[in-house]
């Protein structure tokens, strides 16, 4: 069985569309998006709401999960990095994890064929 | 320490209830649901909103995370597959990952006892 | 390359702020929050809505994902456990996973330097 | 002096007409608030279009059938594209539209949009105008002395009965009943919008009932309208209190949406007799309405197993009937409790039965014909995904993360 | 001619009564919009029920105490279940309900529903009618020449003072103050609904102030009402501008919810004197109101450490008092600025102090008695989970993914 | 009798003024509902403040320029801080504010708040009053017999044209057009609030058009207002039907937001001639309006590539012009179809062209001067994050999980 890998990309929400297209282009057909709140070097802001301090320190981020097998992890990482980099804090992070197995519910196929 | 495994199931939101019951029945007591947006073979649609093209290509999906130890992974996978399969695109995918440890906050128990 | 670990903490939403501060204090600078629905020993409730039964069995929970390298996993777990424990069901669980790699998009740094 | 009377009466009726128009917003908010977000735009659209289609049809045909020279007590001599004193037209139009729009809530979340338009067409063309003629147009019921001041029967019971038939012919929403027939809760998506709708309706009802005096030029008119405001308000208030109390006892907690329904039930119930009952009578009618509506909604839901997402049948049909009959009991002049004997009560009951029969029959035909021709219900998949996306290609809350 | 006057006056007051009723929708929207979604249905329910309970009690008892034959300047001769010219009753009912409903916002998100009902009962039964008698019912303040045209003091200050006492007795929401006493922001869940509420209130206020002329049959009435519309509108506009400017300076950004409060503050402040000040006077009163409300809300929040989620105390109590006193300064007839000396100003101040004392005292007793018997506040767990689920068994926004 | 006439006319105009005021709530809801949640509070704030600033400026200066003694047909003799019969002032103020607030929707989601305030100042100070003088203040257009009963041109076309210029000078929102110029959908955040806004506007329009009779004391007035209610309602209904049908054909599905725009388009179009056309004429004008608005909105969006998030240009400018010109065709007295020849039509067209030119020119100058001095547009980052956070430091829906 080929090695399967899960890649989590956490980045700015406004980059979602571009990233999706870039990943499509390198042959990734499936991905899952979720809305998360991030806390990192990019600091939130402190505002006044009705005169009281209002800390907005969890920033809206988007998380993209992709499990790949045939497409090399490095390619995904470099593609994502390229699309997402603005050079300012908040560009986000990419996490890579080993995956043991994948099953495609519709067909019951397993492993690489499921992707 | 027994082997612990995390299973992520991504599928149609309307199946959430059925899946939860099926997993309960095979002895799974804990699971975590989240609302995600999926992009896969099942294509979104393109509509017109006020005359402009409106692509709805991220479809609402539900992600169920379950960490198991005593319950065999295969049983979870086959149970889920059975409940979720409609044969049409969009049935979803199941991803399996190794888990190193689990801690139950309330008791501090670790590993299999935490589940 | 140092060992990198991902820690998922699932707990009560009202503890989010305290947990964030506690983790900050032990030197964790990045984390990602998401709103999930949990099903565990803590049972939901059954209400009447317009005379019909209304089961609210998925409870709102918060999931915190932290990837650490230098900060020891045990410290994270013990810190979280301490902050989160109330002794009542619903305190939540902590899951630990191996992580293969981390990339910081802004700089392209990899591994421990990316954290 | 005659002129002055005409002017004063007209202006009052016009102000009231505007208020009654605004009830459309109330219905739209109640119906969308009490149903799911995936159908929010669709239900709005139905509310908007039944008013629009109804306005045109009632002007073109309906008004004539309702108020034309009486033909045998059954309908008015047809005449098309009303012309004359337009104040009458606009006031009657907004009443017709109220009857028509009640149905959309009961049929929400599963009715084809095009079919709903067809239904709207016919209720404003025929169903409402003809029984309206019996009651207000000089037809047989009015000749018998049937008293339905502002339309508990003519408007609300009719709308509620059409709603019952529509919801019955359609069948319940997917997931509303378990295989073993238990009714499941399908909570609405915005209690705040629903409540706003109820406040708007209550506000508009001052026009609905007060305007039905149709005159505001004599001391009697002025006193009457003042009393109508009070009876209307007290009935609604008592009904809200009653519904809250009943739900608190039955479900252990005071149910918000049912209490909102309660207020509406009181308003519907007092509509027939708001001019002829005392404030005490109004309070009692409200009390009865508030108690009744809870049981009526449960009965429709659990016994009849008709899926009425917003409680339109319990609110409008049941309380429309109740309020109309109660005129026979509480009318100061002719009511049982005031020594008037059972004559009025009998006429009131007869009127209710007749209009109910008429409505059930005609709408049963209409909905079945629609069902057999263009089809009444969307496909399972459309229902699952939601009518907003499937029928209108849009999301009502595009920026929000929706659950399920 | 007498008859005509009666009719014209009555119809005007009824139209105004409907508008003032609609303010209930405005309050409901402001209060729910400015608080959290987990309590949205509960606050709606409180608004609905204080109106319902108040309508019944005020009819049954309150009106009599307020407008019955004067007994020693202190209260009216009790009489029950009002009968007479019902226009007076409905108009006064909606005013009473306005005072009552102000409190719910300040006590939002932590008050037991049942206890709130008890409070509603007593404010409509006693607190409002009695001081109302002093001012409008022929009581001692009115005998002294106290001028409170539409109720800056009788309605708003009273409601705002009851709100202050309620919020004080209850204590702050969990998480509102840090251990070291810093005030934390707890943002409301829907600025759009809150803003809608403000627009509805502003709209209804034309009825509130305009209707308080209680007559619309002479040239003087017509001119007066026209001027009242202008003074009312200008005060609100200036107050919104002022509040926006102050927040822009103090917080670096124009604060939306505070500006909305500003508009309301201007409306409250002009209510006492809308008939006796010039438009310029109204604009200045609005300006003062808009500035004051920002500091008042901050003072209540940060210095008094009373947690008032919607700013009811700053808007209604403080600006009710301010506006009433300003009558003594800006009244064309009797105001300090127009050479009227300090007589009127003194009476105005006296009235404010007296009604304030009355309200603080009586509501302090009421809230403490409730607190010691049935309890005023929900449990910590209920507050954390939310009152919608815990007290009503439902979610107001069942389809939406809620954050925390 | 004169007195009675004065009173009756005044009270009617005041009731209408309150209704027209309430349209502000309608605009606020439409504009916020049709745009994204991250800018919801900002657009609300703009609506609130353009009304507030406009109320003050129009009172201080604008009214004088509009209704002062005619100076050469072009403007009224300036006079400051209106005093006189205040009914005229309040009624005209709410009309001025309607024109002003139209712009905010077209410029939504990217305009600096402070710059918007400056624009509000000038439109109420100069742009609206001066062309208003031409039409209603005794200026040159009124001398030519130009007929714009309630302001299709004076209010709506003017507001819509200012909206066009504003949106044009600003440029489109980020992401509205792809690199190759295709228009992308940016769905609004709440169709329900948008629809509520449309219902509120429709309701208020009965005051807008009905109140413009400015009299309600003679049989003629009463009949006229009754007919105005009918023409107004029918035009809106037909336009909604027409817009729905056109979108159904063009986009395969009936578009909700466009149908809502359709109803508004019908209302705008009938405003000029609601008093002089027959109900049939009104229905046809509505039909034309409903068809036109769809194509107009597409034209602005796709051909002119001006980004108007709420369709203000299509609704107000295009249909304001259309409705005004149609008076020349459908006016019973003077219209082409009624044998009146082309005289009236010519005057109507001339008026439209003149006011259009005036508005385009003056607002082009105003927006460009603002742009070159304080800047008209927020930074890219502010636009991306949202104006609520960046300009007001708050979130409109703090409890909800927002997508994107």
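Each chain carries a letter (A, B, C, D, E and F) given by its place in the written order, and its residues are counted from 1.
We adopt the following convention: contacts are C-beta pairs under 8 Å (C-beta built on N, C-alpha and C of every residue); 3 or more make two chains touch, one makes a residue touch a chain.
Everything numeric in this text was worked out from a predicted model, so none of it was measured.
S.K.: Strictly by the touch rule at the top, which chains does chain C share as contacts with chain F?
M.R.: A chain counts here if it touches both chain C and chain F, which gives A, B, D, E.
S.K.: In the touch network of chains, how many steps separate chain C from chain E on the shortest route?
M.R.: Minimal hop count between chain C and chain E: 1.
S.K.: Among B-D, B-F or C-D, whose interface repeats C-E's (more than half the contact pairs identical)?
M.R.: More than half of the contact pairs of C-E reappear in B-D.
S.K.: I'd like the Å distance between the centres of chain A and chain E, where a centre is the mean of that chain's Cα atoms.
M.R.: Spacing between the chain centres: roughly 51 Å.
S.K.: As a quick test, compute the distance in whole Å between the mean CA positions of chain B and chain C.
M.R.: The separation of the two C-alpha centroids amounts to 18 Å.
S.K.: Compute the distance, rounded to whole Å, between the mean C-alpha positions of chain A and chain F.
M.R.: About 45 Å separates the centre of chain A from that of chain F.
S.K.: Where does chain B touch two or more other chains at once, residue-wise?
M.R.: In chain B, the residues touching two or more other chains are 34-35, 37, 47-49, 54, 97-98.
S.K.: Give the residues of chain E that touch two or more other chains, as numbers and ranges in rising order.
M.R.: Correct list: 4, 8, 15, 187, 190, 196, 251-253, 255, 257, 393-395, 397, 400-404.
S.K.: Got a list of which chains touch which?
M.R.: A-B, A-C, A-E, A-F, B-C, B-D, B-F, C-D, C-E, D-E, D-F, E-F
S.K.: Chain D touches which residues of chain F in the complex?
M.R.: The contact residues of chain F facing chain D are 4, 8, 12, 15, 19, 36-38, 187-192, 195-196, 198-200, 202-203, 206-207, 210, 216-219, 221-223, 225-227, 229-230, 233-234, 236-238, 240-241, 244, 251-257, 259-260, 263, 278-280, 283, 397, 400-404.
S.K.: Going by the contact rule at the top, pick out the chain D residues touching chain F in the complex.
M.R.: Against chain F, the touching part of chain D is residues 3-4, 6-8, 10-11, 14-15, 17-18, 21-22, 24-25, 28-29, 32-33, 40-42, 44-45, 48-49, 51-53, 55-56, 59, 81-83, 85-90, 93, 113, 190, 193, 196, 388, 391-401.
S.K.: Which part of chain B faces chain C closely enough to touch in the complex?
M.R.: Residue positions touching the partner: 6, 20, 29-34, 67, 97-106, 108, 114.
S.K.: Considering the complex alone, what residue numbers of chain A touch chain F?
M.R.: So the residues of chain A touching chain F come out as 13-14, 16, 35, 45, 47-49, 54, 56, 60.
S.K.: Going by the contact rule at the top, pick out the chain A residues touching chain C in the complex.
M.R.: Where chain A meets chain C, its residues are 5, 10-11, 34-41, 58, 61, 63, 73, 77, 80-81, 84-98.
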